[in-house]
């Protein structure tokens, strides 16, 4: 599981050369930024709804499915705008004030 | 960079024992699901706006910052509902029809 | 123009008796609350994108189109949950601290 | 209730001359389009959450409150971009294929 994000990033990059009619991701690139953002808005909405349903049912699988869809489309946006997840992950890490040290967890106020 | 998500997940789990007044994440847990979902909606909105601004300026840093905020709050939701990122990452991987094999990229129609 | 909202409300109410296959609104009712909320999320997203594009182009027509779509689907939600726009409009009015008196505008801090 | 939207529009217009420190709406104008769009995204999110809660509780008042907040901030956006609700309401009406005739309701497939 450890480097799935990095692997997906390579696949998303490769999809820039693929036939937009044959690849879902290539089709997203072709339709452009507004279309990718619409998908992100849709998936964020579906995540909110699924999380409220999970709260009632105690079943999280649909919520996890929608969260994966949301992450997926944000990674497509990142690739479309010429970025890799490297800076995204670094930025995430900075939020925790860690240098990758879990032990620091109890000393920070994240 | 390879296992930042896994490390953050452990920190988010540890924050369940922290003082809600001293830790931002603990405060989110205490305020509950609706509040965490409001933050996800806010961050998704800020990502859309930042992506449109990036399209104009050619500068992606603010967009990456907002995307990290969005991922961060989805990971908080996941932890709050008792899940780890393991299933999320597996679900993401399934979208690409890979078993971790980048070579498959050109054969799939993702 | 003065009572369009009230007129639409009556049409939306009448659509509850219509064939879901023949009427877009009846189809929304039949698919249920989650589907109507997904549409609201989509239209809110499209409004944000159109507003950012309007900021650049100076052309507001697409933004107004998306705003009408958003209002339309919120009115469908209202009807689906058994409400009329009456309480919504009263609530809106309360935000301005007015009893319908425009003259008060300069004295309030809305 | 019939012309609340028109009245609010006049108040929103008047707020363009008000002190941004003393009026909430003037403060929104001053902070600019991105800030108004962030508020619209927040209110749309809160509406989704409140609608899901209403579905469970059978109580619609919080949902109506959030819907009013959403409409309010879209009207602020409209005013900020130099528009009146006139075109918005016309656009809404067009969705129903009416010329203000409720009797047409049963003949259209809206």
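Order of writing sets the chain letters: A, B, C and D. Residues in each chain are counted from 1.
By our rule, contacts are C-beta pairs under 8 Å (C-beta built on N, C-alpha and C of every residue); 3 or more make two chains touch, one makes a residue touch a chain.
For clarity, every value in this text was computed on a predicted model and none was experimentally measured.
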From the options A-D, A-C or C-D, choose the one that repeats interface A-B, i.e. more than half of its residue-numbered contact pairs are shared. C-D
Which of the two pairs, B-D or B-C, is linked by more C-beta contacts? B-D
Go ahead and note the Å separation of the Cα centroids belonging to chain B and chain C. 31
Show the residues in chain D shared as contacts by 2 or more other chains, in ascending order. 37, 40-41, 44-45, 48-49, 52-53
In the complex, the residues of chain C that touch chain A are 34, 37-38, 40-42, 44-46, 48-49, 53
So in the complex, which bits of chain D are touching chain C? 1-8, 10-11, 14-15, 18, 22-25, 33, 37, 40-41, 44, 47-48, 51-52, 54-55, 60-61, 63-65, 67-72, 74, 77-78, 81-83, 86-96, 98, 100, 102, 105-106, 108-110
Chain C partner contacts - residues on chain B that touch it in the complex: 45, 48-49, 52-53, 56
